[in-house]
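The next part holds the structures, each set out as structure tokens.
Look at the two complexes coming up: subunit A is in both, with subunit B in one and subunit C in the other.
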Partner chain A sequence: MGKNHLGEFEEIVMLTVAILHGEAYGVAIIEEMESRLNRTVSIGSLQVVLKRLEQKGYVSSEFGEATNIRGGKRKRFFTLTNLGKGLLKTSRDQRLSLWDAAPDYALKAISI
Partner chain B sequence: MKSQTNISPPTLWLKFFRWFCRPEYAEDLEGDILERFDERLEKHSRSKAKRLFILDVLRLLRPGLVKKIEGNQSLNNYGMFKNYFKTARRNLLRQKTYSIIKIGGFALGIAVCLLISLFIKDEFSYDQHIPDKENLFMAVRGYNENGNIEKYTWFPSPYANAILEDYPEVIQSGKMIFSEGFGAGNANIRKASEVTNYYEDGFAFASQSIMEIFNYPMVYGDAKNALKEPNSIILTKRKADLLFPGVNPVGEVVVIDDNTEAPYMIGGVMEDLPANSTVKFNYLRSLEDYRFWDGEDKSWGSNNYQVFVKLLPNTNLNELIPKLKYIDEKYLLPEYLEAGYSDAEEAIETMSTSLLPIADLHLKSADIGDPFEKSDIKIVRIFGLIALFILGLACINFINLSTAKSANRAKEVGLRKTIGSTKKHLITQFLTESILYSLLSFALAIGISSLLLPYFNQLAAKSLYLPWSSYWFVPILALGSLLIGLIAGLYPAFYLSSFRPAAVLKGKLSMGSKSSKLRNSLVVFQFTASIILIIGTFVVSKQMQYILNKKVGFNKDQVILVQSPYLLGDNLEAFKNALRTIPEVKSTSYTNYLPISGANQNGNVWWNDGRTKIDASISGQNWIIDHEYIETLGMNLIDGRNFSRELRTDSAAMIINETMAKQLGIADSPLGQRITNRSSNRLIYTVIGVVEDFHFQSLTAPVGALAMRLGKNYVTASVKLNTNNLSATTAQIQHIWDEMAPGQPFIYEFLDQRFGNMYSETIRTRNILTSFSMLAVIIACLGLFGLSVFMVEQRGKEISVRRALGAKMSQIIQMLGMNFMKPIFLALLLAIPVAWYIMKGWLNGFEYNTGLSVSLFAFAGLTALSIALITISFQSIKAGLTNPVDGLRNE
Partner chain C sequence: MKSNHHSPPSILLKFFRWFCDPNLVEDIEGDMVERFEKRIENKGHKKARRLFVRDVFQLLRPGIIKSFSGHQKLNQIDMLKHNLLISFRSFMRYKSAFLINLIGLSSGLACTLFIYLWVQDERGIDKFHTNDANLYQVITHHEESGAIRTQDDTQGILAEALEKEVPEIEMALQSTPAFWFGDMPLTIGDKTIKAPGKFVDKRYFEMFTFPLIDGTAESVLASKESIVLSESLAKSLFNTTEGLIGKTLHWQLLNMERTYQIGGVFEDVPANSTETFDFVMSYEVFSDIVGDGMQWGNYNALTYVTLKPNVDVDHLNEKLAPFVKNKVSWSNVTPSLRPYSDKYLYSKYENGVQAGGRIEYVKLFSIISIIILIIACINFMNLSTAKASRKAKEVGVKKAIGAQRKTLIFQYMEESFLMTFVAIVLAIGLVLLFLPQFNDLTNKQISLVFDTNLVKALGAVLVITGFIAGSYPALYLSGLNSITALKGKMKSSIAELWARKGLVVFQFTISIILIVSVLIVHKQIDFVQNKNLGYEKENLVLFANEGKVATNHDAFIDRVKALPGVVNASSTAHTIINGGSTTTGLTWEGQNPEIETSFGNISVFHDFIETLGVEVIAGRSFSNELVSDSSKLILNEKAIEVIGMTDPVGKMVNLWGQDMQIIGVVKDFHFQSLHETVTPMFFKLDPSFLTNIVVRIEAGQERTVVDRIESVYKEYNPDFDFNFTFLDQDYAQQYASERRISTLSRCFGGIAIIISCLGLFGLAAFTAERKSKEIGVRKALGASSVSIVRLLSNEFNKMVGLAVLIALPLSYYLISGWLEGFAYQIDLKVWYFLGAGAAALFIAWLTVGLQTFKAAKINPSQSLRSE
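So, the complex of A and B:
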């Protein structure tokens, strides 16, 4: 468990990659995160996380076709690997089991 | 679509991004930032889009995205260095013999160099710690003897005061005494309240101002008045701890040489002098109000004091020194004239006085007579030269072995070139390799030198250590290893990197023979240097042998010197008589006038009686001896008789040596001649005997004139023994001593050892020289050995074929040997004239020398040749012994 621990940002990035399924490249991921989570992300911080996830084997990447937008540069598309998918599921299950175990009244917000 | 064609992102920042970004990520990241830029152009103003673009670029500056420092060929080639190290390591391990010779020889050379550097550094550090040393000087008097300026540092008692009073440039002056004849040197010391004496060394006399001139740091007491009181004494910390452990002894009373009438009060304790001080002592007795004889403080005729002065800062020495002559004219000349000397003005004329900077005292005063143990800058330079020589030899080994083994690397070079290495890459590779070797050698050298240091310290009478704690030591070592690695590796690097790949890969390169000319000339150089060192060592050893065994005119064997017989008090005669009852004791003599340095010497000037105002004086020693002196020291009376106890008139009799008889012009009939000297109470002596000349000074000087008269001097007792069991007899003597002088230390030395001590500096130089030349020869032989291994390897097939066809072992050895003997013969031819020239100069420093003989050179040459031959034949014999089949099988 400890070895395969995912950081919060890492988990979000992986989930976003999953949302974009097949269309997940740098700018798309950022825009998706910005629109869904209302959270600004720089290319730098995203790329560092993506490289790390790729190194750990949770995502894989490949180049797409070159187009004449983006200065003719190819996009790098990210997809989840099976390892990554499994990890996400484990992560979700663990959270849910924690939610289930916690009594309702403990999580009930007190109105201010 | 329109906007992106018109408006481009900031070019400079884009270029910056392209420069720092890892190439594997560059494409998609550039695409990303460009896409975002385009999007922003639609939403925001141009300038904002540009600003955000710059921000994006800056935010990409992250460790994971920036180029790795070692990763990219275009940025640098550190990756290649990894490979160089790997190749170097493999080569090192594959050829163990070569590696050991290469690194071992290198390390040995560096270790020697390191030791000598420490030695030289120590020599140069002498007296540099003295505060205000720029303004401190020692007075030096020159006597012009027929154009030769003889320099001494002994001055009359009033000189120090006169120079202070008469010259405003002199702001402080002080005097010291180191002569044994005045009680300096060794003495007995005890607490006034106790009986037991300690026999101690390092006594000296000094005036109070010496403490201020040298500004010695004090432990107890005040430097400003520690010696102010007459009969006060200063101890160094170490000695204070010996007598008064753990307490402040200022004010305590001590007795020196059992003289209870004049006890000494301790005026202060000073820090121990640093080991690198030339002016050394352990005890300082005050000279304030101290007279060794009545009227001494007014007498200008008797030179016994070292004079130190402190000058005003920035004093012009060139102006001051000529003016110092007036002192002699003002004070000394009147005294001479009053005494009515005929040559008074000429005598003054020959004198001159100069000032020696205190910082030069240790190294640059070899021609000046003084009581200090000094070194000679010449010796230091010679050692430095030897260090460079040895380092050169080690570097040459490295070059020779590297180029010799080039054949093994040739294919590697060819291959590297084929797959794209340039010459520059290869040079870098081989330099890296040699620096690696050099680093290894330095590490090994530090090990070797720490092992050798204790022995070297013993050899050089020093206490050197590796200065790890000094901030410069490690950087210097690092820099040194880099530099030496570069120097040694430069030629092999260029040589190896210039192979032509096609030729090499086809196997056309003749195996390493291309540079054999250079190798041979380097071998010639190595052996020339080694042979010069061998010859030098032989000459120095032979000269030492000659001096130590030269007939010196007295018998120095089996004589023991018992110190301080005055401690016997009333038992002096009884002790002499008691010793006579021991059958192994031949005779005993009380006097400290001995023909060895460190004993009393007392220079006077002499005339034939009645001619003081007519003739020029001659200088000669005036010694006090007793009746048994000539017998005890085995001197040879060639005319006349010894002193006799029966004749009362012998108190005014003299025995002179041959040289004196000759110089006074009375050699024909010396007996009965009357002679006189220039002392205040001038006496006239009758010559009753002539002794054969004996050497009473170091053999660097000719025998001078000498006169001996009867007198009392109980500083040393010389006892002549006739036994093979010295220790038993000595024990017997000690037994008698203990009875007659209870509680007093029985200290004795052997005359021949003291005699040997006169040459300890020369002997030390010889020993160091011998060790270094041995090391030089070892290093040269290592190189030769390496080359012979290589040669045998290269010609292995040839030797096998010859053997198979019936060549004898001796023929093989001869064939291989001749190859190496040629350069060594050449080296011999080159070395002999150089060595002859150098050693001739050295020997000229000795009045009595062995000279240089052909046999000496022949012997040295033969030694070098045989050492070389043995080195080579080791491999040749091995080659001859191998079964030819082994050499030919792998065709």
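So, the complex of A and C:
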């Protein structure tokens, strides 16, 4: 892992960007996360994470066309870069290998 | 388009656009607006707005807020950072110069700050009355013996006449000063407390702002039987300030007594009031006491007026001038108005014209504070230019790569501003640290409150000091030629050398003037306090003639006289040191009717002249046996001189229409402040109105004798505290403010000298360092340490010597001007000046010598090793 470590929130944001695939902009990401994960997300915290991910080179962004809604402001669409995709994959593989390594009985919830 | 109703609050949007990083502003704003629009549909308008507000504030976080350095990297900001870094490094590298500058500047600034606080406090005295702008005191100018004497006392009937007859005056009222009566006993049950009080007009609290805790300004003194107490007096009498209205208490003055009802309670008189008192009573009572003494020739009140808005005071003063003379044609009195709050600072009048007063000290200290600051600035200027050679390479490089002169000036200004700022912070710390001592010294309760005035003053000091201190190095260093600067061959120009030397000479000139002034001010005040007064002021005990002592006065005096250890005892209506009543009612045959002369009028009991120890030079003193002595007078030499009598004993004069015989003449003695010369006076035997008892006791056993007097006093007044003073202490008290000024000026003078020496120390260290190779070579060739010290300190000796030559005549001129204000002056002796000059030289030698001696001691192999 080394440098390329992803925080939990970062990973979720990147996965949501992947889900929305090409339609990922601020409000859409927030709504997707809120509906799937049942957690509230503020614009501020999302934007800070997106900015950081972009600086690290995991996502890239471009402006879309201006529309009549949202006060005529353009949307900024985020997509995963190859680096980001690779990182997500590594992350998942590592998790899975950890899952595999853990014995079943250790993960079984006791008497519920 | 959408209606206004459906758009998010625009002020919040504007706020967001202002703080947000411009890279992010468009899409985040879009997101917010989109969310807002969706929320209006789902959750309604109100909730959407509320959530929008939350969104905006949740965006206030690092990463979203734009960086402070601005969106575009500005060159100026980088330069500012760079300059600060350079300044910081140079501070770190040349620690001694930095410390000298810092200590000098911060102690100079601390002095300035102290003086600022003191001056503000002095100027604020009596200013707290809400109608301060329209509040005036009536003072009276008396034409006497060809000169005009000005006094605060006015006729008791003046106020009423003024209010009735002068339309410009809104309200006029009279009161007595509290010091006329000393502490008067107030009794409730078996508790007696003595407190200072005065008689005032019933509208007193309407005119003056002494807030009432209980009662209203209109009603507290409505009745003649009313007394109004201060908060602390009420607490010590009743342990409370509430529900006291209507309670009675018993009041005494001499052999008079009354029962008063409490009309109200006022907050304690603040420390910045010149009038201090603990209770007030109706002036009508005083009128009754004075009786038919309420006339145009008698001065038994202070008169205050408030003017109607937009009244021209100068014009009104002209109009008022003949006011009293129009009433009574024989009067020599011209009243005039003085702003009430000027009483403290502008109290001195010479020949009827305002001639300063305490304001002179305020001005003096303001000047001293500026001088101290300038001296500290000069240190900074001198050290920075002296060290120019170190900076020359930096300037050369900067100029070579295209720095403008402007940029360099800016850089050095920045350095000096940084320095000043650090010094101000340190100075504030110093002030906070030493404020208690300063308050002790000045007898004030000053605190450091960061109000707008102080912040403004500090800002101004920062700008001015930073500018003065930085100007010379900034202009000088930035003007260097880049080629010579880079070569490192810094040749000090003649002009620069002169400027630096000139500044040192200036610094020391001022320091020497300060030393001389401090020395002579101290001597003068010492002189005044130890002057022969014409009587022995030691071992005289004073206390009030009050209670049963007053009613059994003669018996009491006899009892006291009989006590072992008591030399003599008597009593008087005079305060002896503060002055007392005066009269123009003494006339004599052959008097020029045009000139009125006021005589000190001292009513005494038998043996007073003997008790005080005043010398009788002709005739005799009052006798215990002769009853007829009540129609006799004893005059002083000055009075005889004014009357122009030869062989006066036995001759007749007329006092208040009654023929009196002169039975004796006493040698002149001081019965007033030493600011004034001895004036004519007479002693009159008058047992009816004696306020103070004076007892002369044997030296060496003061305590036991006073205890004996107290036990006799307690037999008469068992409920009273025995409050006594020694005359010499009272006398010292009278000059307390002068003494404080003297101590204060000594402190500031000392600091100025220390700061000057710091500068000299820095310069000497620098010269020694620069000449280290020369010293090394000289030593290697066999020069002794002493000759090297001499070599190095020669330059400084010349500068300080020159400063002495300039300073001495200048200080002589200044100080003789100051001494003229005193009626009795010390002789200016040559050694005061020579001593101060020698002291300055000695201090300079010491500072320079330490440094040069250190330099001369260095092993030449060390200084010659490098290179």
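Heads up, the rule we're going with is that the second predicted complex is superposed on the first by the 111 of 112 C-alpha atoms of A that agree within 3 Å, B and C clash if a C-alpha of one lies under 4 Å from a C-alpha of the other, contacts with A are read in each partner's own complex, and residues count from 1 in each chain.
Here, a contact is a pair of C-beta atoms (placed from the backbone, for glycine too) under 8 Å apart; a residue touches a chain by one contact, two chains touch by 3 or more.
From a predicted model like this one, the values you see are computed outputs, not experimental measurements.
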Touched partner set for A:I69, first subunit B, second subunit C, both or neither: both
Subunit C-contacting residues of subunit A that also contact subunit B: 25-27, 30, 42-45, 47-48, 51-52, 63, 69-71, 73-76
Touch list for subunit A against partner subunit C, complex: 25-27, 30, 42-45, 47-48, 51-52, 63, 69-71, 73-76
Touching residues on subunit A, where the partner in the complex is subunit B: 25-27, 30, 42-45, 47-48, 51-52, 63, 69-71, 73-76
Footprint of subunit A on subunit B - complex, ascending: 1, 4, 25, 27-36, 38-39, 55-56, 59-62, 64-65
Complex contacts: residues of subunit C adjacent to subunit A: 7, 24, 26-35, 37-38, 54-55, 58-61, 63-64
